[in-house]
Structures are given as structure tokens and as C-alpha cells.
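All chains are identified by letter, namely A, B, C and D, in their written order; residue positions are counted from 1 within each chain.
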Amino acid sequence: MTVRVGVIGAGMIGQDHIRRLTEVVTGATVTAVADVDTGRAAEVAARAGATALPSGADLVASPDVDAVLVTSWGPAHAEHVLNAIAAGKPVFCEKPLATTAEDCLRIVEAERAHGRRLVQVGFMRRFDAGYRQMKEVLSTGSLGAPLIVHCAHRNPTVPESYHSAMAAQDTAVHEIDVLRWLLDDEIVSAQVVTPRATSRRFAHLKDPQIMIFETASGVRIDLEVFVNCQYGYDIQCEVVGEDGLVRLPDPAAVGIRTAARHGTVVLQDWKDRFADAFDTEFREWVASVAAGTEPTGPSSWDGYAATVITDAAVRSLEAGGETVTTDMKPRPAFYGDTA
Amino acid sequence: MTVRVGVIGAGMIGQDHIRRLTEVVTGATVTAVADVDTGRAAEVAARAGATALPSGADLVASPDVDAVLVTSWGPAHAEHVLNAIAAGKPVFCEKPLATTAEDCLRIVEAERAHGRRLVQVGFMRRFDAGYRQMKEVLSTGSLGAPLIVHCAHRNPTVPESYHSAMAAQDTAVHEIDVLRWLLDDEIVSAQVVTPRATSRRFAHLKDPQIMIFETASGVRIDLEVFVNCQYGYDIQCEVVGEDGLVRLPDPAAVGIRTAARHGTVVLQDWKDRFADAFDTEFREWVASVAAGTEPTGPSSWDGYAATVITDAAVRSLEAGGETVTTDMKPRPAFYGDTA
Amino acid sequence: MTVRVGVIGAGMIGQDHIRRLTEVVTGATVTAVADVDTGRAAEVAARAGATALPSGADLVASPDVDAVLVTSWGPAHAEHVLNAIAAGKPVFCEKPLATTAEDCLRIVEAERAHGRRLVQVGFMRRFDAGYRQMKEVLSTGSLGAPLIVHCAHRNPTVPESYHSAMAAQDTAVHEIDVLRWLLDDEIVSAQVVTPRATSRRFAHLKDPQIMIFETASGVRIDLEVFVNCQYGYDIQCEVVGEDGLVRLPDPAAVGIRTAARHGTVVLQDWKDRFADAFDTEFREWVASVAAGTEPTGPSSWDGYAATVITDAAVRSLEAGGETVTTDMKPRPAFYGDTA
Amino acid sequence: MTVRVGVIGAGMIGQDHIRRLTEVVTGATVTAVADVDTGRAAEVAARAGATALPSGADLVASPDVDAVLVTSWGPAHAEHVLNAIAAGKPVFCEKPLATTAEDCLRIVEAERAHGRRLVQVGFMRRFDAGYRQMKEVLSTGSLGAPLIVHCAHRNPTVPESYHSAMAAQDTAVHEIDVLRWLLDDEIVSAQVVTPRATSRRFAHLKDPQIMIFETASGVRIDLEVFVNCQYGYDIQCEVVGEDGLVRLPDPAAVGIRTAARHGTVVLQDWKDRFADAFDTEFREWVASVAAGTEPTGPSSWDGYAATVITDAAVRSLEAGGETVTTDMKPRPAFYGDTA
């Protein structure tokens, strides 16, 4: 059975996922496209051999759509996801699940009322081969209990529109999700301290930032977010356990010796860094939809948790670096025991 | 358009490629399966939702088959490929193209008579991301002209059926193909010297072997073939140019520090090492068939060249290590200027 | 001219430095040894061909002693150093310079009164080739201004006598000194947070600890101190600047591939890790004494600063992790502009 | 007891060793200097606080000289070493021991006649920490018997005076010595093949060269000698055994990430690469002289063997790459069982 996917949001990320669903991943076809810019919807739909529909609601309701992919702008996510749940259709929603914790909770409640999981949130790192190797190593117990995690998330530059709260909301949110999953643990507090700012930034931006998270079991995470590091897109993650540590590998790259230097090229673009993870993410999602099983990726609860934790980080930043406890509801049994 | 592929040879490698064509690569479907073991053909075809056909010839002739994949045992390759050329159908043939240089030449001649390229040979390394990065670096000219290549091809163990000539025919043949492509150069002689043999081998086998190749432009290649190295499947390749060198990366793997050691796990299985290369190989082949263009992968001339060069290596081994000049015909313009 | 060194404190570290001064470093000879255990002093002196003297004061006063090396237990350091200053003799004092900030200040004042620098404190990392390479790279300005430093200081195990405050006083103190020098910047606050403790420790000990320091220019330093990490002695340091980063290398070690693993051995003993640094430290100290110039290594001001900063870290630990501002006096011009 | 060393040959290498003996290594003093350029001898002697003597013979005979260091030009080595043996004085001779195998044998015979070892030859790699780690690993047997060694010896450039035979005589000779020691095995044949030459060389020079050696036990060594590689001084060595491999580390160097590159600097000068090895070499030699024991470094037999093997390599080069068997005498029991 081929899964017929309807895509709400025909911007750059939507188009990239349409290419992925049609050219890379087997078992899916894109049958419908909607966008607030109906001209763009028509154009993208035509290229994909799909039908342009006038609205997200129409798309969710279409009998030619088995599953919904939401890649519209963030403030509209909640509405589309709630529509899909109401229609009983699987829905893949790019991050964030919703822009407020309240909206995330509404989705969680709607899904629970529906009675089975329909929602997957687009945190792709759980599908990266390196993080999966880390989880595999940690799960053997050979390194003992995790105690500390050191992370860095570096981008070469960001545009002027990127503001200080986005360091948590748009950037650190990937670490927040993947570490909850990697550690099988919940984050309970956040502290954000601001080193001397780089001169290579727009003046309004606090960059870099260091975020310190604590988990329920006491693991401490330090995360450097540095979005104007100039030299490349660079993701580092090291989990220190009682008996040893495991470290995320750099992407495999040819070694070059020339002009008195030995080394490799550093990637510049996050899309190159996580290209395989995106492919795997959609391959597994399509497979779960085709099989009629619940999705195995990040749940709406994970989307809610990420929002609550980034909120705490933003509050700490605004409060000048004090430690802020997250304001998270108790986890419903519906979403399993752990992160 | 979905490419309908018929598969001749339903053994392990055939089944793996069927999985790849149906589950991993978009744009293809397997419609027919043939095997000398008709029971196995029936079983594999059933699982794939394809039709079992009584013979390779029937499969090539079937109107439900747009393109042919040959994964039968080596001695039958030539016949199936020649049938496909006669039928004017694209054919992907697992290595070797044929077991003798004469049979390879018959295929080359048939394809030239047909007037356009139909044949791709299954050397997958040209599709490996690491080798492609190496080629990209070399093609910029920043390292100057290539002068020397150092390679190692190591397997943890081989079964008793593996004999000394297979070091060239089955193992080194991958380096022979990928280096002709990487250097854009032809191999003109081979010398095989035999170090002290490992005690971890079957007694009849000369293992390890060191092969030294020379190219038309004078590049020297040394290649260690060691198929009982015990510790893992390990592929090394370093091209030394006038101004620097470039080296194939090891697969990305998590770094682990525990028990007084710092390091990574070494892969054991060549199928894991080149899994992505196989996927890319078939993705690009299916795309070329769907587009009706000539295949971009290794040609029947490349298949012929590989056989001629491995023959020279085997002759050197049998002659006790003297340098043997390859006995290669002039390259027809039909196959382009270079390797 | 051969420098005649008198050694106060004939314990393990004293004996090791005597070996260094007599067997490794040229230009020095050990002429006198004193120890509160006069039997041990006699024995060590005899082996070194030196004279045992009844007390540190006698040793400082001896006409056969050009320069004094203090390797007694910490609480006695201040007295011996003050004696040496009073005698106008160069003195090398193992860390700590003194056990309280007050005593350090008394030494600073005595030295200033004397009018030229006589004291060097035994922080050996400034003499490590890796840190020196880092400083050289940073001083070129090619990485821009430093913004963040990530460090880890891991020991395999510690004895039961090691208590929580020693994480700052004995362990982190090395990073505190070397980072002040590396960054040419002063540390102005400290925060110590305690992750979940490892089960591989004595129950009274908080291990690991994460220390966060801020410098006068706003650089943030995060330092993991983990003294029961089990796997080895491991020192990590990475300075992130505006345009790139520089990282301390692991010690050069042979790469081994065997038994499905690729890697290197991790050192177990800090004395192996910094053996060359100790040699260089004494080589340069002896050269400065022989030349009659001021010592170039860590000054008594550096010893004072290290004590003040570790005090702040201990107060933060005791206060449950709040940020504590250091209580440092203004830097006298006598000690130059910067750290 | 301080060893009084007389130095014959006051050129660059002689001066560097004088510095080492006086400033780095304890237990030695330079008391006499001789040079064919008596003006230079006088000047260097004055700087070292030594006496200039009119000739090497005078220096060997001087009662102020306990041990002789020969750093004159190669053709004079044999005479000075034979003089030292005749005088019964320990002598350290820079490589080569002599410029012909015959002269080496004369030294060997003279030393045997004397009855105990007096001669050490200046092959410094046996004192390099990396090679010593390799030997330690190999000696445990954990990697099984050695089968293959891959080496590279690269210099950034060489002057016009460097000719093709020097690739063996001056460059490969270091690998020849260190591998005989590392493997505890003798080299019995040599083959030199010449890849396409780099355009970055003087026209008379064959560069690079690949040398293939075979040992008595059947180990095969391939060695790339490339003395105009442009990018740096780079020494590689990997020993492949039955159960795994061990590889010489690159020198520890800070990792730098900047300008889209991740890597380290490559050393340019062999003196930097082996500075520590030179220090250790002289430290151990001086200690053996002081103790009155036989030297533990490369013997005159090792000097003879190196000359015989480089002769074979040169003959192979001149003969167009055929395999040449070394013409080595049987090893006298006087020099122990093995290399």
C-alpha cells in the first residue's frame, strides 16, 4: 500500500520534504498540497503531480489524503494538527508542535481523547546514525549511569531576524529533544549564562550562550549554543557515565594533508549534516503509517516537553542567568514511562 | 514511470538487491524473478509480489521487464547480459561481468554493435561517499598530479573455499575498478608478492598478498590484500599527489573511552561498510533507466578491464612475483577517453 | 655556573624533583635536604650526595644553597618561602603557595618589599607543550577573542582522604592557573554545581562536579572535575574564539586495531601525562636562577590568585551552587598587567 | 662521574649535539673539539668552554677525552671510529658508520678484536617514544607475528645536491635501521620501483621511490620515500600482524577549527620531529659510558647491515627495479642473536 500524503505548507522545508517523500523514500506519494499562498501551492502541487487544495482544513478532509505533513509556519501548526487528530489521520508536524505550551497541551489532550497516537513531531536527530550508536552503547550499561553531558551546537552565521530567545527555541530545542531520548530522562531545570558576546553578530543578539540543564535523575547537561561561530556547522555531544564516556562522531570526511596542514573540511549547512537523518525519519514514519501502527518518533508529549523546557531556558536568559525550574505537567501513562 | 526490473539469480545477493529495489530505492518495482533453482525463484518471487519465470532467457524476453538485474553465479553472467543487449534492454550485472576476458570482450562488441550503452557492472565503490569526496578533491588539482596510491583491503576471515587467485579476482578487483575511476587512468602491469603467510588461514591460501600496479601515466599502487586479518573489515586508500595527499575516511563511529582505552568499534561486515554505496548505486541506475539515458556507472569496458587486470595479477602470483604486463585491447572511443 | 639547590621536604614529590634536578636537568646540583622526619632527610640526602640539615630555616641559611625548593606539606609552605625571601634566595614552591589567601598575601608583600621576584609556584601545566601550542595559536589572533573554554579534568580514582573541597583546591587549581595564563585574563566568579554522584566513590565525596568560572573580560569556563572516572587520567581543554577553536591534544599514542576495536591506550597516571612539563618547568627555573634573572613561571601573585579563586569555588559548593564572586585584591603593578 | 666528550666535526650537526650534551643531557661535558676547518674548531670549542685540538687523532688520544663523538663528514667516519677502538674509548658515530660495507666490516672486526662493544651508531629513531611504544606492543605478542610493514618517509623539499641514491642512503636508511630493530629480524632483499616523478623536483632526481624489502622471516616492507612532498616532514609506519596492527602516532598537536577546516599543523623539520629522540639517544649513551657498560643503541653491526641493505636498494634502483638480494656476512655471535 502506498501512503498518500497531503502537505500543508509549501515553503522551502515543505518542498524539501516533498522531494524526500517522492524521490528518496519508498511507499509514499504526495497527493495534495495546501499553502496560505495559493499560487505557491498550485505551483508546488503541479511539480509533484499532486492537487492543490484551498486550505489546510480541506486537505485534512480530503479522501485522497491518508496522512498529513505540516510544514506551515509555526503559529498555524496547532490548528492543522488538531484537525488531523479530529479526522483520525496520522500527522507529521515539523517542530515546534505548537508555539505555546498551552497549545501543545491541547494537542496532547485531543490525542489522548482519540485513544491512540497519531502525531509525530519533526525532531530528526533521534534518526541520526551517530546518536543511535550512542544510545545503543548507553543501553548496554557498559558505561554505567550517565552523569554529565557536554554539548555544542554551532552555526557559522545567522540572519538579523534571529533573536536571543531563538537560541533556546530554534537551536537548543534539538539537543533538548535528543537528550531526553538519549538519556531516557526528563529535564527539570534550565540555567542560561551569557559569555562575552562575539563581535561577529548583530548587536541585539546574545551569542554565544551556555545552557545548563538538570534532569530528574540529576544528570547535568552543559550546552554551548554559538550561532555565529564562523567556521562551520558543528554538533558535539559527549555523555560521561560512571565507567566511561561516549562521543558523537564528526561526519566522515576525507583527510587531506597539504600546505603544512592535516585535516578535514567542516560542513557548513545543517541540511548536509542531518540529510541521512531526515531520510530515515521519513522512511520510518511512512512505514508506520503504511503498517497502521503508532509512530515511533517523537510524540506530541515530546513536543510539549520541548516547549516547556525552552520556555524555562528563555525565562532564565531574561532573568539574567538564574536557574529556572520547568513547569511541566505530570506525564500521562498514555505516553509511556519515560522520555 | 516506475521501472519494472527482472532479476536473474535469487540467491542471497539477489534477494538483498530485491529488497533494495522495493524497500529502499524509489521508482522501481521487481516484476519477475528467474533462478536455476526454480523452487527458490518461485519463493522469492512470491515474497516480492513478482512472477517467477522458468529461465533467464524468458525473463529477458518478458514484456513486463524493462530492465534486467543479473545476480546469478558468475559463469552465467555473459549469457544473460548478451541476451539483454540483444533485447535492447538495460542490464545491471553484478561483478564479474564475465569470468573470462574473451566473454567480456564479446559483451563489449555486442554493446558497441547495439550502438549505445546498456550495461552497468556492479562495482559499488564508485558510489561510496568517501571515494566520491576523494575524487572531488583530486579533480580540483589542489594536490597536483597523483603519484602513488596506498591501499589495504582487509576481511576478518574467509571460508575454506576462498583460494589464492580470489585475492585478485574477488577482493582486489574492487580496488582495481575504483582506482581506475579515481585516477582516470589505466592499469598496465601487476606484480604480486607474498609475505610470510598468517597462521590464521586455511593451509592452501596465500594470505596476505601485496599487489603492486602501475598505471599508464606511471602512478604506482600498492595494495595489501589480507582476508584473515581477524580484527575486522577495513578498507584504506590514500592517494599521494605532488602537493599533498587525500585519504579515505574510516566510517563515522562513536568514540568510546572506557577501561583504559580510547577508540571506536571496527565494522566486521563488508555489507555494512558499503550499504549506503549499494543504495546510491541502485538509486542512480534506476534513475538512468527511468530517464532513458545511458548508465553512468561502470561500463562493460570497465568490466573487461577489471578482468584483464586481475588476470595479470593472478599470472604474477603464479609466476612467483614477477611483473606482468596486462594484455588489454585498445580502448574503443565508444567508451570515452579514459577509465 | 651550577645552581646549588636545597630541598625542604623529602617525601615522594621531593624525591622525584631531586631525581629531576640531578638526572634530567643540567646546570643544577642538590646540596642540602631538610625534612621534619630527619631520618628520611638523612637517607634522601645520602642518596643524592647532599647534606642533611636539621631544619628548613637552616637549609635556607646555608651558604651551600643558592636556591630553595619547597616540597614539604602545604601548611609549612608559607614559612619556608618567607624565609627564602628574607634571605634573598630564589625559591620554587610546590603548589599551593600557602593554604590561605592571607598567607599568600604575606608572601606577595614580602616579595614586593624585597623589590624583585624570587618566587615561582609549581603549576606545571604552563610548561606542557600542548598548552604552549594553544597559547601560541591564541596569541596570533587568528581565532579572534576567546569567548568560552570547555575543560575536563578526570582521574581514574582517588583515595578516601580526598574530600569534596579538594576538587577545587587540589584538582581544578591546575586549570585555574593555566587558564588565567592561557587567556591572559583574571577569574572573577565561580559557581559549582553537582551532578548526580557516581556510585564508584567514597560516600562523603561529591563527584563529579561542574565548575563554571567567569573572567574579567566575560569569558565563561566550564570545567568538569571527575576524580573517579575509572577509565584513566584525562585532561581536556578547548578554547572557543570568535573565529574558531583550538583544542589541547591527547598525548601521542600508537593506534592499535585488534579484536574489532580501533584505538589507543589512555594514560592512568598524571605523572606520566605531565612528565615532560615537569622537566621543562625545572629546566627553565634552573636557567633563570643560573642567569640571575627573575623566574618566568607562575609568580606568588599567581599562587595568591589560585587560592582566592579556589576559595570562591569551595564557598559556592558549600552554598549549594550559587555564583560566588572572588574576593581578590587589586593586582600590584609589580606583577605586570595581567595574569 | 661526568663523562668528558671529545667531538670530531664542528659543523651544524656537531654543534647541535654539543648543545645537547652541555645544555640538555646531564652527566657529560664537552672537553675537546676537532675539525678539518681548524678555525671553526677553535670558535666552536671556545663557545663550549672546550679545547680545540688539531686533528681527530689528537682528540682521540687526548687524556681529557673519555668518549668520542664523530660528526665529521661521512668518508672520515671509519678512520675516527677505528682510532677510538684502538684507544679503547667509547665512540658515538653519526650515521653512516662508514661509506662502504668494507669499511663497516673493518670496524666490526676491530671491535670484535677489542673484545667488547665500544661503538654506537647515530640512528635516533630507536629512541623515539612512538617507535618504542610500537615495539612494546609487538613484544607482548597480542598482535601475533608481524607480516607486513607500511611506511612513508616524506620531506617537504631537498636541495639540488640530493641525488637518487640518497633516497636509500640518507633517507630510507632510518627506516631500515628502525625496522630491523622493531621486528627483531634481518632484511634480505630490496626492490626499488619508481613511480611517475613529481614535477616539484630537480630534474636529475627520481622522486618519489617505493622500496620493498623482505626480511629473513618473510615480512614484506613497503616504504614510500618522497623527499619533495611539499606539505611537510611526515613519518608513517604501520606494522600488520596476524591479529591486528599497530601504527606510529603523528606528533601531538593542537586541533584547530577555523575557516571551514578542522585539523592540525604538520611539522616541517625533521629536527623538530625527532628532537626528543635525539635527547634520549644521548641521555642513554652518556649513561652507558658513565656506567662503563656496553652501549645499548645501534651497534657497528647495525651500521654495517644498514650499509649493505642500502647498497642493495641502490643496485635495484640502478637495475631498473629488479629484486636484489643483500650481500650480508653471517652475524657474529658477538653482536647477539638478532637485529
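Everything below uses one rule, namely that a contact is a pair of C-beta atoms (placed from the backbone, for glycine too) under 8 Å apart; a residue touches a chain by one contact, two chains touch by 3 or more.
By chain, UniProt protein names: A, B, C, D = Inositol 2-dehydrogenase.
Quantities reported herein were computed from a predicted structural model and do not represent experimental measurements.
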*So which has more C-beta pairs touching, B-C or B-D?*
B-D
*What chain lies farthest away from subunit A once each centre is taken as the mean of the Cα atoms?*
D
*Roughly how many whole angstrom separate the Cα centroids of subunit B and subunit D?*
44
*Would you mind pulling out the distance in Å between where the CA atoms of subunit C average out and where those of subunit D do?*
38
*Please work out the Cα centroid separation of subunit B and subunit C, and write it as a whole number of Å.*
58
_Residues of subunit B whose C-beta touches two or more other chains_ = 230-231, 243-245, 250, 257-259, 264
_Residues of subunit D defined as touching subunit A within the complex_ = 230-232, 234, 250, 256-266, 268
*Where on subunit D does subunit B make contact in their complex?*
144-145, 147-148, 150, 152, 193, 195-200, 208, 210, 212, 214, 217-220, 222, 224, 226, 229-231, 240, 242-245, 321, 323
_In the complex, subunit D residues that touch subunit C_ = 22-27, 129-130, 133-134, 137, 142-143, 243-259, 264, 276
